[in-house]
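Structures for review follow.
The same chain A turns up in both complexes below, where it pairs with chain B and then with chain C.
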Partner chain A sequence: MGRYVLRRLLQAIPVFIGTTFLIYLMVWGLPGNPFAGRCGQRPCPDAYIQRMTEKYHLNENIISQYFWYMSHLVRGDFGETFTGVSVNSLLAQAFPVTLRLAIVAIAFEALIGIVAGVVTGLRKGRFIDNLVLVSTLFLIAIPTFVTGALLQWVLGVEWGIIKPTVSSEARWSELIVPGFVLASVTMAFVTRLTRVSVVENRRADYVRTAVAKGLTESRVTGVHLLRNSLIPAVTQLGLDLGGLMAGAIVTEGIFNIRGIGGMLFMAINRQDSALVVSIVALLVLVYLVVNLIVDVLYAVLDPRIRYE
Partner chain B sequence: MTDLLVAGEPASQPAGAPNAHLLEVEDLRVEFRTLDGVAKVINGVSLHLDAGETLAVLGESGSGKSVTAQAIMGILDSPPAFITGGAIRFKGNDLLKMSREERRLVRGEGVAMIFQDALSALNPVFTVGFQIAELFRKRRGMSRADGMRRAAELLDRVRIPNAKGRVKAYPHEFSGGMRQRVMIAMALALDPEVLIADEPTTALDVTVQAQIMELLAELRRERNMGLILITHDLGVVADVADRISVMYAGRIVEEAGVYDLYRKPSHPYTLALLNSIPRLDLKGQRLNTIKGLPPNLLRIPPGCPFHPRCSMAQEICQRELPPLRELSGGRTSACHFAEELNRE
Partner chain C sequence: MSDTMSDAQARQLPHATSTGAAIVVDAAKSDRPRSLGSDAWRELRRRPLFIVSLVLILLFTLMAAFPQLFTSVDPTYADLNRNLQPPKWENWFKFGVDGQFGYDILGRDVYARTIYGARASIIVGLTTVLGTTILGGLVGVIAGYFGGWLDSLLSRFADIFLGVPLVLGSLLILSTFASRAHDNPSAVKIASLVIIALVALGWPVFARIMRSSVISTKELDYVAAARALGARPSRIIFRHVLPNALAPLIVVATISIGSYIGAEATLSFLGVGLQDPVVSWGVMISGGITYRNVAPHLMLFPGTFLTIAVLSFVMLGDAVRDALDPRLR
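What follows is the complex of A and B.
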């Protein structure tokens, strides 16, 4: 296992270089000078354009530009935005917020999704099963901006249970409703995936063996059945965790959360190439790490998956 | 004076159940309620088993032998399976009348079972040691470490090489034969009085089959267990069984000691089964088979269920269901012409 992790980390290096280079190319390689049109109605002063062109090494070819950028990045320096603000400080503000929101969302997805999946899988065809099937169908079919706006209005405005928007500190308690909104679709998928695999596995031979051993029902279900039924849910959760770390533009927008998603959206809107590249570089890193963690988790859940 | 009369009785019988067999199945009936209708899978099966005895239950696929075993273990999938009648007495107590909890405690400790396909019957995500030690931990209150130690001892007993090192291995890391040994070790963990082996060697190659059968016979002797061996393989049972019950369409059609049954079958189905064993001295000739298919259990034919395939069938066979009758020599048969067959 240790060797596998090491190998995966080594493999991550070319992936990281490749993706960041592509992004760099796509953002900076566009024809024209990105600073020419930044001064509103008037043309920008030459002095400004020249200063910025030198600052971002735009006179050199794109490969050496990229090397200049990477030489800073590997030292942990994400550079400066076009307005001269340190990207590191921006990320340090936004990323913890996104992380908290992602944790809240993944907790909803895992807890509610798996519990509902097991309960309905064991009671296939009964009332509770149909109820959950219909409600998950709703959750999957309704877009996040509808659930988000609806909950914000009902809970925040009409009933006044929550504050309609999240403060700039983005405390855990404020993130519960936005986290639920963000989780809703994946939660429904996890429920259905878990349900199907519980239905499949509860008739499996090894479950029958566990019963024949004279184990209690709770042990048969909670240990023998559950462990085997979790694998599809973990796949779904793992895929989603990477996405959640990349921020949630819609949910963040509705609840006014200052996370990575909103920041990236803003950076693209303002055509701040330096900020866009740095945010994406961070997201690639996070994605690689999350993926590795999920792959290792697989091997823990199912020993038949061996990484040698 | 009365004491003298009682003295001849076996002393080991539990109170309240004089002369009871260790395990006794009486007139068991099971049906599967499916969308296509009600399949009568078991139609009045009676069996008995004593300590140290080996009973083979023989029959084609779909004859109800595995369902009988699962009914005894209480692991039928219900629905669709429902027990509609009969009794299963273990040491005189009817398992079918017990509470769920009492029944659970009989499993593994009173009656244990091993399955046909050990790969799918063992949980793929836990080590074999964990799966065996689980029994010691949950049923005997042992610690994890003690449980693992006992698991290693058991694996060693079923002759798995390097048992101490192998407790931490997963089922897929064993060969087919070794996996079945793990299964056997697991079934023996709580010292069961009855072991049911449901086609334990079907998934294995022939040399390994013999080793597993030998191991089962040896363990039965050593522990004085009752062993029910479910199989469709006549070759497998000949060496190890004491008695054989032949099943057809959810009924027992013949029961006899091994020697009697092989020498002189008294049911046409048994005879046909024996004739269909490939023989070396008849090499090159067409293999004898039983014509036709086992009956659809949704529509069992009237009269004797075997009559459409029977070479001896008469008019009475289409009308009257032959009851299982006792013949001379302590054997039974459910054929109208059992005596004629027996005389030949």
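What follows is the complex of A and C.
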């Protein structure tokens, strides 16, 4: 186990370097003047250009620029934005908000997705099964920004149940509807994943054995069937945590949540390259770490899987 | 991510393994051997879900190719006298009139725009899937069939692209290229940029699925037999491995058409995809969201069309999966 974790960790390093370099190349390395349009209507003053070039090592080649940036990043220093604000302090404000939103979304996914998946898996082909399947189809088919705008309009503006936008503190209670919106598509995937795995495992030998031993229905389902059937769903939930944080950009935009997504969107529009690279690097890091944890969890949950 | 990770993923995709083997057993039972394709077709024809989604897709394709068949109104003609007027329900199912779905902020006919909007969405969805399937499938076959260091290299390379989330990455690509290209890039140029961005970030998923499918297929006896008979790798791949390993890729590709149509709309909504003089569902919805309190029809009609289009591709993918994977019946 320890060797496996170590090997996975070592494999994640080149991927992290490759991905961040790709992003860095996209933001900084493309031909074109990085100062175009930066100082409003007139060209940037020479002093500004000189200072910025020095600060971001723009006159060196892209590889050494990148390594200069990474050497700061591994020490936990995300650098400064073009306006001179420390990226670390910006991230410290925005990251907890996005994390909270992602956790609310994961909770919805786990609760609704797994329950619906188990219920439909146990009643395959019945009315409830078809009803849930059709609902998941609709959840998958409606884009997040339509779901978000619709719910915001109906619940927030027409019925007045919720406040249409989230305040800057982003309390848990305000994040319930945005979290549901964020989870809507992945919820459907978790439902289907759980359903398929319950359907498959119901025919497994160990379930038949458990029934043959005379165990009660609830014990067969609750202990024998569920433990194995939930593994794919749990894996999916873990992987979604990283994906949801990155995918929050649309939801955060609609509900005006001051999270990572909104910040990134603004940074891209303002072409604040330093901020863009830092946020994406952080998101990629979260994604890779969560991936690693899920891989290891997989081996713990299912004793039949051995990585050697 | 490691090889084991891909295997773990393959476990989640129940169709990724043993499809070929199961079909072979099925065919052996009946008197006349049937191919995977004809077997799947027989199964599909009996499913109402498949028929419904196929009809809808044909309808949308017709709409994309010949919008004049559905409306005779110019989608870009604006008359400010009628801006934000609600839908005229009495005009439904009448040809040659406008206002069925109301008018937008510039007084343009929403019905005509919704019909014309199908083209951009369908083209982007289909082309992206074509690109990801070819690129991902090719990499997957090479990595899965030859294995070894080539596999490790290609898999790590795919992981790098997989680490960038789809919407975020394409947002980045589009904003960088569009802002540096020209001040006013043409619609074709933006559409191709959208397609390139989605393909660049989408192919690793297809490569992974193809790789695990090829790995399980190349271990089968008939491949070993072909190799023993002295067949070259190219013949083994194209005659024996590929036809039997293609099923999972087809399923994912079908479902993905829908998700890429949705992704295109999302990018338009974020302001980096197709933009206003171009007519597309995403452009219409993002424009309509601003006015939803006074004129919800601006958002609802293109939103409904978009949802039905995505839905029909997802349903088609579902039906195809059920037909190709006998284990789930």
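Just so it is clear, the second predicted complex is superposed on the first by the 301 of 308 C-alpha atoms of A that agree within 3 Å, B and C clash if a C-alpha of one lies under 4 Å from a C-alpha of the other, contacts with A are read in each partner's own complex, and residues count from 1 in each chain.
Throughout what follows, a residue touches a chain if its C-beta (ideal position, glycine included) is under 8 Å from a C-beta of that chain, and two chains touch if they have at least 3 such contacts.
Being a predicted model, the structure only gives us computed values, none of them experimental.
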item: Overlay on chain A: chain C relative to chain B, clash or fit; value: fit
item: Chain B versus chain C as contact partner of A:Thr216, first or second or both or neither; value: first
item: Which superposed partner A:Leu288 touches (first chain B, second chain C, both, neither); value: second
item: Partner chain(s) touched by A:Ser173 [first = chain B, second = chain C, both, neither]; value: neither
item: Which of chain B and chain C A:Ile268 touches, first, second, both or neither; value: second
item: Comparing the two partners chain B and chain C, which touches a greater set of residues in chain A; value: C
item: Three-chain overlay, closest Cα atoms of chain B and chain C, distance in Å; value: 13
item: Complex interface listing, chain C residues touching chain A; value: 1-2, 4-5, 8, 11-12, 14, 156-157, 159-161, 163-165, 167-168, 171-173, 175-177, 179-180, 258-259, 262, 265-266, 269-271, 285-286, 289, 292-293, 296, 299, 303, 306-308, 310-311, 314-315, 318, 327-328
item: Residue ranges of chain A in contact with chain C within the complex; value: 7-8, 11, 14-16, 18-19, 22-23, 26-27, 30-32, 137-138, 140-146, 149-150, 153, 157, 193, 196, 199-200, 232, 235-236, 242-243, 246-247, 249-250, 253, 264-265, 268-269, 271, 276, 280, 283-284, 287-288, 291, 295, 298, 305, 307
item: Touching residues (chain side chain B, partner chain A) in the complex; value: 73, 75, 77, 104-109, 112-113, 115, 117, 120-127, 134-135, 138-139, 170, 172, 186, 190
item: For the chain A and chain B complex, residues of the former touching the latter; value: 203-206, 208-216, 219, 224, 227-228, 301-304
